[in-house]
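These are the structures in question, set out in turn.
Common to both upcoming complexes is subunit A, partnered first by subunit B, then by subunit C.
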Partner chain A sequence: MIGKSILELHDELKNGKVTSNELVNESLKACHEIQDKTNSFVTIIDDAKGSEVTDDLLSGIPYGIKDIFSTKDILSTGSSNTLNNYVPFFDATCVANLKKHGAVGVAKTVLDELGMGGTGTTGHTGIVHNPWNLERQTAGSSAGSAASVACGVYPYALGSDTGDSIRKPAAYCGIVGYKPTYGMISRFGMFQFASSLDTVGVLTRNVEDAAIAVDGMKGLDENDMTTWDSSSINLFKSLNKDVKGKKLFYIENVCDINNYSNPSEELKEHLNNFKETIKRCEELGISVSKVNIDSKLLNALYSTYVVISCAEATSNMANLTGISFGPGGEGKSPDEMIKDHRTKGFSPLIKRRFVIGSYVLQRENQEKFFLNAKRVRRLIVNKMNELFKEYDAMIAPVGTGPAKYIDDNKNVHDKETRVLEELLQIGNFGGYPSITIPNGFVNNLPVGVNITGKVKDDVSVLNIAYALESTMNYKNQLAREEN
Partner chain B sequence: MYKAVIGLEFHCEMKSHTKVFSNAINGFSKLSNQLVAPLDMGFPGTLPVVNKTCVKKAIEMAMILNCKIPEYMEFDRKNYFYPDLPKGYQLTQFFNPVGVDGKVVIEVNGKEKEVLIHDIHLEEDSASLDHYYDTSNIDYNRSGVPLLELVTEPCLNSADEAIEFLEYIKRIYEYTDISDCDTKKGQIRADVNVSIMDNDSKELGTKVEVKNVNSFDSIRKTIEYEIERQSKLKSEGRYDEVVQETRRFDDETGTTIHMRSKADAIDYKYFTDPNIPKYKITNELLEEIKKNIPMLAHERKNKYISEYNLSEYDAKVLVKNKKVSDYFEECVRLGADAKSACNWITTKVLAEVNKSDEITIDDVFIRPSMIAELIKLIADKKITNNQGKEVFTKMLEEHLTPVEIVKKYNMEILEDDNLVNSLVDEVLSENEKAIEDYKNGRTNMLDYLVGQVMKKSRGKANPVDAKNKLLEKIK
Partner chain C sequence: MSNFTEEMIDNYADKLLIGLTEEERKMIQTEFDDIEKDMELINDIPNIKDVEVLSYPFEMEVSELRSDDNEGKEIPIDELLRNASRVEGREVEVPKVVG
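Here is the complex of A and B:
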């Protein structure tokens, strides 16, 4: 099954070439094989069993689950020591929905602790290595999901995306990462990081699989008030490569190499490659325009994200007291027990974000930081919505190049490249549908391109990606260790 | 003497089928941790889903208090760590409460008093803690129970005013079925703010907050104690010892005790909950809610006075408790004369209810249908008024209906004129002396003679009828 798509596997299952049990066992074996090198998994679900094969495309096929999702009777840690023994008694809605479709979860994948990180290096079970080059990051936070899908151990794995947590690792691992419109998939059962930004999505090796998987998860959920009814939308059936006449824009400020005073070779190649991709779009009959956005607004992106996400996170994760679940702390009073649990359980990165979150919410700081961040978010979204009146979607290079080295410190980007590095956060600010697909190589490592479109217009975004994917040779590509 | 200034924060647990943000049952259980959904324990990934009934009830209450109602319903997080707070924050309404700037007029010792409402908001209760010698248990049954918190302006000036206001609010909660306000189940709690100032001063004194006072009686004692404590210090020239602080009421001593000072005040870092999309309160919704506000205590009182000609006093007694008022209205609905029903209820039925703190009018065996039946028996002259009282007592003792009692004891009034006439004749012939006395001016002898007729009829004669017949024959 290694490397096969959902459609291929479904055909093989239907034709009796393989059984669901065989697929599941093969997938489990493959998980074990890549674990030593990539450290993708918190849990490999060895007792997973095949399921009945029906006409449902997802039936009988194994998949991976980011360990931020609650899985009934299966350890769900959020890659945090504060939850290192937590076994939920209910499934996240997206997992439950996939179960209904007959999909079989075979592994729980490593993430940056509680989704808060973009390197894949901060999970409690250790660093996730990029299967293209083990010295490189996968990016995060959906690190294990990206690495394992890139290795082909199953056709898809669940991810969650608060800033770019699906779309950045997808690029670094040479695969597809799709974050649907906010509220299309229920967040119930997904450990919350920043509720107004958190989105459930999927990592795959082609656009079709991404559409099929999200079709299987989406829908109104009585347990999540932010979900909306998408029953009239069938993403897979709507896929169509005829995108002639579609209109894209890119932000010239950050996509034109001439705007960088001292660009790295990687950035030059990456943006050059992006130009090639734009040409491919134009060959498909898509018009691509460049726009400039007030750099003040762009420069505010990262701090806006930090303030809002940290503020929400510090409150969302206040439930991790160790009192009714989690390993718990020692102490003579409840206060001491909570303090001990959290002091021992959280990594320094998380603690720093909690401090930031608390600081910006403090009475005397709230107006200046938190409320202003919300206002800037509104300004950015207004600007995007204005552009979306004219254009179908935005096209952007993902990050500033290929995967970084594991010891690279993400928090010391140079100021000039920071906007490009964090650009995809726009997708979370507006709840926009956003998909990354591989568009080439820099230094023998994969790089990605992203399409972000209008709220609830996931179909257009997927179709543009679908058409663009067909002009390149990266569909269904598997990680090859080149160095 | 100084002028006291009192503000109240009155928390009341609401009645609803499920909790305010989860689908666990909102009810009372003697066993711990029976009524709990994953959200109520703050399990990772669980999300709040707003209970629409609670929202409607909260809007209804805001309307009744004449509050301004915001355009959108929103909830905010109040963040702090405490073992009884599983999510690490309480969902409440801080920035946009469901009602602000309200006003009600109440009557205190015969005088009208305007009470200003700062706001009313919908929020969730925390879990409860049971402390033992060396451990504490957390009971999540209460976690997520809907609460309405009503905050007054500092506009009350005495314990009487405060209690009268709370009684007024409690009646509204009962009449609208928003809450039972059952103290025994811990359904009400108040934070009481008290300060004092010179009578001619315009500047408010130092505010002292007493937290979590959980009965009207304790609230009264708290206010009285604080006024006395602060006044004493002020009159002794030690007013600087009154500091802005949080105290608690101690039931045993009837005093208040320091808990924490202003400097220890927590910054709750309020922010709007991102999991609950803001919800537009439409005019249609407001109209629908308005239409369904039931008749409240003071409206019922006015109706009883104007339509049923009851006295102000009786009307007040009837509406003081909704169950009593409902009982009365049911009697009237079943055809009982309103005044008679009122008399039976205020004298006999309530006397039964008042025998024990444990019962309400709903626990009394005699139902409105029986009161109506009893009144009808008397009105139809089937039994006398005095017999009626006897029937009432026997109903309680024997758990039978009035008709059954009358039948069992053969109590029906003699309507056979001849029989009554012969009894009257008998009495007249046996009591010549009495007749003599009566004619000589001892008019009370007539009552004696009537009594003799009643005795002979074993109470079944109509005493008015007997009296008329006696008079006729004595002449």
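Here is the complex of A and C:
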């Protein structure tokens, strides 16, 4: 039963066919069953108990929490050795909000260390394996959330997204990943990676559940000054499939196979499948146009992301000292203690990102790299906002194909495909609402398509995804290990 | 020949109070020329210096003034200290920093 959607589970609970305690126990059992294969969890909350079932759609239903969020009295590690013993005395706002709705957290899921990775391979408790093929990545950083939702151990799990950390794992695991508009959900209680890009969101198996879960988390928070008042928006109640007359665009530079000199078979299939998805949109009465964007701007996308995110990360991680929380370091002075804690606690890949951040913030580099990256960010956002005056949203293939093998090195991926691989970072630069839904299979592995729209127009983005989802057979699909 | 010496890499890390092993230093040094070359793509944009920087995704105006009477929430000291690695009484303990 636990593999059902939020709406189905709510009906079962209300009709007395199952109790919340039974659901929670079933979910906990399912978490243990997939842990050996997928390594999705840092903590399975075995003493979780069911809650009162009310008319609230989330009440009594279990869910997963990315371990980047603080949870009261429950280990919260950020998948980092710098926090491997940290037990917060408070809940992150999004977790507290879900608790008020009666939702029951049952597991803390593995991420790339502190959210700073895109492979699902760098958490301190080890690699997360893709449930469709255990030799493949889940992508990251919301790796355990994506894998566990795809396995059907609960209907939804929390994620966070700085570059594509919800939306790419969703594609690789054949599920839905929704990053709402920046600031719709409070970031308080989340270990920050890059504050101007970080967004809280959710992974589910259908668009309705994504809307319901975000409705339960969103809202103003005095502890996060970037939150905005969305009380007039009810995402779930606003869902409808009447998208006739909507206008989409896609970026031809990266979506046309003829623009790649030596494309892989997977990329060819992925882009062919994308064309089929465009036809489905057109059958729904949506017009889809191709646009071209200055390639110099697109080529600078990834570097802009690296510079801004790594620079912001150096500040955000300054509180990881091992003094107030985290395993303490050794030393004769506070500085020595902090250095010992950080030297031992951070993994090599995250140190690399910090060194990049430090480099671009050196006095002699600030103008050339850090400030110029923020200028490129404005040009990209200006271009998108100009397009959004004419179009309701952008449609894009997610990445360059299905999940990569675990031993693939993301940092050396083909420069020709890099723009497409990193395209969803645009959503973070502009704070745009952005959702990935599954749209087919390549090599028997799921692939995804993404819709990104105007700031605070989450309803349009969800409705386009909702209508498109209804034309395909991937809604509510569970991972099948068949490769 | 790399533009980046071991000393430079160590210095960038040290400013963040992070130490590198020999292996980590080599990995970063090996990659850093490529990383810098990639970052130069930012400077390929014509007239980039004339553009105003964008630090946040969109305009966010906070116009509400908090009341002076707002006392805020109190957090029990026990809660604040429970994750500290070294505690003495009601305080976090660190090595002496003044003579």
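As a convention for this text, the second predicted complex is superposed on the first by the 482 of 483 C-alpha atoms of A that agree within 3 Å, B and C clash if a C-alpha of one lies under 4 Å from a C-alpha of the other, contacts with A are read in each partner's own complex, and residues count from 1 in each chain.
In the analysis below, a contact is a pair of C-beta atoms (placed from the backbone, for glycine too) under 8 Å apart; a residue touches a chain by one contact, two chains touch by 3 or more.
In this text, all values refer to a predicted model and were calculated from it rather than measured experimentally.
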{"item": "Touching partner for A:201 - first (subunit B), second (subunit C), both, neither", "value": "neither"}
{"item": "Partner chain in contact with A:334 - subunit B first, subunit C second, else both or neither", "value": "both"}
{"item": "Which superposed partner A:70 touches (first subunit B, second subunit C, both, neither)", "value": "first"}
{"item": "Contacts of A:352 with subunit B and subunit C, given as first, second, both or neither", "value": "second"}
{"item": "Touched partner set for A:189, first subunit B, second subunit C, both or neither", "value": "first"}
{"item": "First (subunit B), second (subunit C), both or neither touched by A:319", "value": "first"}
{"item": "In the superposition, subunit B vs subunit C on subunit A residues touched", "value": "C"}
{"item": "Touching partner for A:378 - first (subunit B), second (subunit C), both, neither", "value": "second"}
{"item": "Partner chain(s) touched by A:299 [first = subunit B, second = subunit C, both, neither]", "value": "second"}
{"item": "First (subunit B), second (subunit C), both or neither touched by A:311", "value": "first"}
{"item": "Subunit B and subunit C footprints on subunit A, overlapping residues", "value": "86, 88-89, 196, 225-226, 314, 317, 323-325, 334-335, 338, 358, 362"}
{"item": "Contacting residues of subunit C [partner subunit A, same complex]", "value": "9, 12-13, 15-21, 23-24, 27-28, 31-32, 35, 38-46, 48-49, 51-58, 60, 62, 75, 79-80, 82-86, 92, 94-95, 97"}
{"item": "Touching residues on subunit A, where the partner in the complex is subunit B", "value": "69-70, 76, 78, 83, 86, 88-90, 92, 187-192, 194-196, 222-226, 311-312, 314-315, 317-321, 323-325, 334-335, 338, 358, 361-363, 366, 370"}
{"item": "Residues of subunit B defined as touching subunit A within the complex", "value": "38, 41-50, 77, 79, 81-83, 86-89, 136, 138, 267, 269, 271, 273-277"}
{"item": "Of subunit A, residues touching subunit C in the complex", "value": "85-89, 182-183, 196-197, 225-226, 228, 296-297, 299-300, 302-304, 306-307, 314, 317, 322-328, 331-340, 342-343, 346, 348, 351-352, 354-360, 362, 368-369, 371-379, 381, 411, 428-432, 455"}
